[in-house]
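First comes the structure, then the notes that go with it.
Just so it is clear, A, B, C, D and E label the chains in written order, and each chain counts residues from 1 on its own.
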C-alpha cells in the first residue's frame, strides 16, 4: 500500500508537470491572440479569488457571499494609491492585501460566531455594505462613475502593458497561490480546519482554536481576493463599484462550487470552466437559436449550473478525485478488507 | 489535596430550572483511574462538559495541575493536557481514521499558517512526526489496519475506539472518557479494558463515566456516584458495590 | 399635526412594504423549515406571479380568476422546480443548494425576459385608484389590501401549522430527515408541498405589489433579498417571527427614509441584519436549538 | 411473519451481508448478537428499508417488502429504533412521542392518546421533562425517548438496535422486562440487536449469531446462553468464572 | 451572443458591442436592432463602392468584463476596421484603454462626458460618442426651469450611475441658471413606495420637483407625488421617454415635463426642422422591422453607424483616415441632433439637440416652439 501511494504520488507529479508545461506554453499555442490571452488572464484572476474561497469553504466550511468586497478593496486600494498617491504598484498591492486582511479580521470576529445560512447572510450583508461604501465614498473611489486612469504595474521599471507578460505574472500568482493553499491543506492547519468542519466541539477539545483558524483563513482568503483585485485594476485600468457588488460575489461562489471546494484546484478549475462555459455558450447559442439574445445564454447557463450541481455536488474536482481514488484505491482496498476480516472474526475466543 | 491532578470543588450547573449538577466535589490524583457512575440524567456528562470547558459552571471551581481553570476554553485545556471523548460520538466522519488521530496530535505541534503555507522544514518534520505517532497509537489500540478508512463508515463500536485513540495520542495528563464501552460487546470491552490498563501503566490518568458495571469494577481505583446532580457516594469499588444508596438508585438489588 | 401626519404616512408606507416582504418571507420560512434550503429564487416567484397575472388581465380575464390562475400556475412552477432541481440535490451541501436556487433564479429571470422583455408593466389596483385619508396621511386602498392579505395568509398558515399535526412533522423533516422517514413521514411529499405553497405565497406577493410599483422581469431579486433579511431577522424557522421581521424591516426602511436620508436604505436594512445576527446569532426570536454534547 | 432468504447487502464495494437467512415468528423476540462491524445494524437497516439488498428477498407477512422506501415500510407495521438514537434535537419530548405515531395519528386518535399515557408510564423519567427539547436530554434519556418513540408507532414488528446502549443497569433490566411484557401482551414481534448479550439472550425467544455478515449459529435463546462457544466469544465468560 | 450579418469577400468589417441583455437591455436592445437593420439595408442597396459591410456584434450583457473581452476579440480576432458601441458609460470607459492602445476608430453610445473629455487627461484620440452628455441634458432642463421661473426646486435622483451623474451635473450647472435645490434626495432603482421620502419633499415646499431616473422607478415616485397631494409641477429626465412610463404612472404621468431627443415627437415637429425627414424615416423603418417605436438609444446607434459609414466612404479602410474624417464631420443630420465634430469636441452636440416634451392625456407632446 505504501508502494501504491508512492506510485500515485509519482503519477501526480507527472500530471502536475504536464499541466505546468501546458500552462507555460499556452500563449504560444494561441500566439498573438490577445483576446484569448485576456480570457486566460481573467480566468487566472478569478482563480486566485477562488483558491482563497476553496480554503474558506472547503476547509473551514464557511460560505462567503461577499468575497467581491475584498476583490474591491484590493482594486480600489491599488487604484487610489497608485493613481492619486503616487505609490509604486507593488507597494499598493501589498497595502491592499494588508487592508483586506484587517477588514476581514474586524468583520470576521463577530461574524464567525454564526453558522451556515446565517453566516452566508452576514457575509452577504457585509458585501452590500462594502458596495455602498464603494458607491458613496466618491472622494476615494470615484463613486458610480468609476475610477479610471489607473497606471499599469511595473516590473523593474518596465510597465506591463501588453497581455503576454501580464499573463505570466498572473499565472505566477495563481500557481503560488495554489501551492500555498495546497501546503496549508496538507498541514496541521488544514487538518484542523477540516476537523472543525466535522465537529467543532471535538476539534476544540483536542486543542484546535476554532476562532483563530477560521479568522486566519478568512483573512487569507481576503488577501487572495485583494491581490486579484489589485492585479485587475492594473490590468483593465478602469474599475467601478458594479464589479464588486453582490452579483460578482455570487459568481465567485458559483465558480468555486462548480470547481469543487474540496480541493485547492477547485478555484482554478471552476474559474476556467465558468469562463469557458460562458464563451462557449456565446458561440453555441446563436447557432441553435440564431435570433436569440444574451438572455438565452443566461437561461442555458442557469440550466447547466443546476444540472451540473445535481450530478456533481462536489464539483468537478470532486468527480475527478473520486475517480482518482477509485483508480488507486481498489488495490489496497482489497488488502484492507481481508485484513479486517481476519481481525474481526478470527482472533476472537 | 494539592497533589491532586484534578480537583473539583462544589461544582454546580443549572439549566433554567434543571439543576443538573449540584455542589459536587472530588479529586483525581495522577495515575489514578476514577469512575463516575449514576443513573441516567444524573449529571455525569454535564460534569464532564464543565471540567473540559465546553460549558461554563454556574458555581464552584475546577483546578487542574494546581491552577484554576474556570472560564478556560476547551482548546486551552487541551494545551494544558486534558482531552476527552464524547458520549454522542463526535468523530470527523469525512476524514480517515489516521487523520482523525492526527488531529489529536494538534497540541504537540507548533507550525502555523505561514510555516505550513511555505512548507518550511519545521512543518514537514512535524507532519512526519504526527503521522508516525498517530499510527503507533492506532497500533496500540488495534486499529492500524483501518488507518485509511473513512471514519464515518466504521461500525459504531470501532468509532468509539478511534475517539479514544484520538484523545490519547497527544499523551495528555488527563483523559475524560464518556461511556467508552458503550456499543462494545463484553468481549470487546475486555480488550479495551486491557488497552486502558496498559495505558495507565504508561502514566495516563483517566476519569470516566460508564454504565457497564463489570468494567467499572474491574478497572476503577475509585468511584464517584451521582444521583440527581448530587454526589451520593465516593469510594473504592467494593465499598460502592455495597453502598445501600447506590444499590437503590443505580445498581438494583441483584447486581454484580 | 403635520409631524403626526408624516408619522402616519411613514407608518403605512412601512407596513405596505413590510407586508410584501412578509409574504415572500413566509415562503422562505416554509421552504426552509421543511427542506433546510434557502431558496434564493423565492423573489422570482413574485415576479412570475405579477407578470402572469398582468398578462391574464390584459387578455380580458376577470380579475379574480386571473389572480387565482396565476397563483396556481406559479405553484405548479414551484412544484416542478422542487422535483427537478431541489429533490435530486437534497443531500448536497448548503453552498451547493444555494447555488442551485440561484441557477434556477437565472432560469426564471431569463424566461421572463424572453416572454415579457425588459419593459416594466402595470397592473390595476384591486379596488380602484382611490385613497383613504387618515390624520392627513394618504393611504392607497392597495396598501390596505397588501397588509390585510399578508396578515390573512399568515393567520391561515399559522392555524394550519400550529393546530395541525403537520407542523411537527414538517419541523422533523429538516431537523433529522432520516429519523423523520423512520417515523413514516414522506419527506419528499412534504418538500414538494412546501415549495409549492411558498411559490404560491410569492406569486401572491407579486400580484399585490404590482399595482403599487409595477412589474418587470428583474423585480424578484430585491424583493427576495429584503424578504430574506426579514426571515433571518426573525429566525428562519419561525413564521410569526419572520412576519415581525418583515414589518420591522419595512418600517425601519420607511422611517429611515422619511426622517434621515434614502441613499443608504439598502445599507440600513443590511446593517440591521448584521446587528441582529451579531447580537442574536439565531435571529431576534430564536427558540432553543436543542444542541449539546 | 418476517422471512429473509439469502440476503446480500453492499456498502459501496464492501460486501457487508453475505447471504443472511432469518425467520421471525408471530409474537416472537429474536435476538441478534455479533461483534463490532458484523453487520447487525446493516441487517436491521435493510429490513427497515434504509439499505437495499443486492440479492435475496425479504418477505413480511408473506409479501415482499418494497426496498429503499422507509416510509412505506413503516406503513406496513415495521418500526426501527435506530442506532445513535436519531433524536430531533429541537423538538420537545412530547412532540417526539406524538410523531412516533405519525402514521396512525389520523386513523385512531383515541388509541394514540391512550398509548401516549401508557408509554409515559413505562418511562416515568420522560414524564418529568415533556417540554424539554430532545437534544438537551442526557444520553440515556435520549435512548429512552428513542425507544418510547418507537413504541408509539405500535408496530407489528419492532426492530431495536442496541436499546440498552447508555442505559443505567437498573433501567436496562426494566427495559428488557418491558419488551418481554409488550411481546406477551400485544404480540409485538421484535428483533433485538444487543451488545449486552446476556440481557438479550435472557429476554429473547430465539437468537442468531452474526459474524462477518453471515449467520454462524442460531437456536433457542436459552440454548445459546448455555452454549460454550457463545459464552466464550460474547460473554467474556471464560474470565469471570 | 455573437451575431454576424454577412457580406461578401469584398467587405468592411465593423465591430459592435451592445448591452442587449442584462441590466441595460432596455437601452442596448434597440441599439443592436437598429444597427442590424441598417447594415442589412446597406448591403441590400449594394454596400458602398461595391464593398459590403460585415457587422460583428457582441452582447456584453451589461457586464464590464464582457465588454473588455469583446473589445479585444473584435480587435485581435475579428480584426475589425472600427468599433461602435458600449451602451453604458462604465463599459465604454473600460473599453477605451484597449481601443486607444490599438488605435482603432471608436464611437461610443453612452452619455458620460468622461468618455471624450476625461478628467485625468488621458488620450481620447480615437474615441467619439453620439449621445448627449448629461451636462447637455441638464443644461436644457435648467434653461427650461429658468424660463418658467421655477428656481426653488426639489431634486430627486435614482441611486445608480445614471442618477448620480445627473445629480453631479445639476449641482455643477444649477448656480449658472439661478436654480436652487431646496431639498436633494436619492431613491433606489427598486423602490416600491417613495412616500416616506416624499413627505420630506412636501415639507420643503418646492416650486417644482425634478425626478431623475428611468421609467419604472420614476413612475413609482411620480405616482407617489400625486398621491400625497403634492401639486407642484414635475420635471423628469430623458430616461422616462417610453410608453411604459405612461402605463405605470397612469393619471399621474399627465403634466410631467422632460427633455428628450426629437425622435419621441418626430411627427409633431415643424416641417422646417432639419431633422424631421431623417427622424420619420428611421421611425417608419424601425417600426416596420421590429414592431415597436424606436428609442433615443436606438437613435444613438443610428448616428454612430452613419457617422462611421460616412467616414469610411471618405477615408477608406485606413484607420487614421477614418478617424480624421470623423473628427471633421460637420453638419451631419442625425437622430440625436445635428453633429459638428472638432478636435476638441468628439460629441458634436449641444443643448439645441433636445426639446422639451410634456405628457398630456397619455401622449408625448412637443412643448416648445
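Definition applied: a contact is a pair of C-beta atoms (placed from the backbone, for glycine too) under 8 Å apart; a residue touches a chain by one contact, two chains touch by 3 or more.
Here the structure is a predicted model, which means the values were calculated and not measured.
Engineer: Determine the shortest chain-contact distance, in steps, between chain D and chain E.
Structural biologist: The least step count works out to 2.
Engineer: Counting C-beta pairs in contact, which chain pair has more, C-D or B-D?
Structural biologist: By the number of C-beta pairs in contact, the winner is B-D.
Engineer: Using C-alpha centroids, which chain lies at the maximum separation from chain C?
Structural biologist: Centroid comparison gives B as the farthest chain from chain C.
Engineer: Select the chain at the greatest separation from chain D, using centres from the mean of Cα atoms.
Structural biologist: E
Engineer: Centroid of chain B to centroid of chain D, CA atoms only: how many Å?
Structural biologist: It comes to 29 Å between the two C-alpha centres.
Engineer: Would you mind pulling out the distance in Å between where the CA atoms of chain C average out and where those of chain E do?
Structural biologist: For chain C versus chain E, the centre distance works out to 36 Å.
Engineer: For chain A and chain C, let me know how many angstrom lie between their CA-based centres, rounded off.
Structural biologist: The computed centroid separation for chain A versus chain C comes out at 32 Å.
Engineer: If you average the Cα atoms of chain A and of chain E to get two centres, how far apart are those centres in Å?
Structural biologist: Distance between chain centres: 38 Å.
Engineer: In chain B, what residues contact two or more other chains?
Structural biologist: Where chain B meets two or more other chains at a single residue, that happens at 45, 54, 86-88, 90, 187.
Engineer: Find every residue in chain A that makes contact with two or more other chains and list them.
Structural biologist: 201, 295-296, 298, 340, 348
Engineer: Return the residues of chain D touching two or more other chains; collapse runs of consecutive numbers into ranges.
Structural biologist: Those would be 14, 35-38, 136, 233.
Engineer: Any idea which chain A residues touch chain B in the complex?
Structural biologist: Residue positions touching the partner: 1, 180-181, 183-184, 186-192, 194-195, 197-199, 201-210, 216-217, 220, 332, 336, 339-340, 343, 348.
Engineer: Which part of chain B faces chain A closely enough to touch in the complex?
Structural biologist: Touching chain A from chain B are residues 52, 54, 73-75, 77-79, 83-84, 86, 90-95, 99-100, 102-104, 106-107, 109, 111-113, 116-119, 123, 126-127, 130, 142, 145-146, 148-149, 166-167, 170, 187.
Engineer: Mind pulling up the chain A residues that touch chain E in the complex?
Structural biologist: Against chain E, the touching part of chain A is residues 32-36, 38-39, 42, 83, 135, 143-146, 148-149, 161, 236-238, 240, 242-243, 282-283, 285-286, 290, 292-298.
Engineer: State the interface residues of chain C toward chain E in the complex, per the touch definition above.
Structural biologist: So the residues of chain C in touch with chain E come to 2, 6, 9-10, 12-14, 16-17, 20, 113, 118-122, 129, 131, 138, 140, 143, 209, 212-214, 216, 218-219, 221-223, 253-255, 257-258, 261-263, 265-266.
Engineer: Mind listing the chain B positions that touch chain D in their complex?
Structural biologist: Touch residues, chain B against chain D: 15, 18, 38-46, 87-89, 153-158, 178-179, 182-190, 211, 213-214, 249-252, 255.
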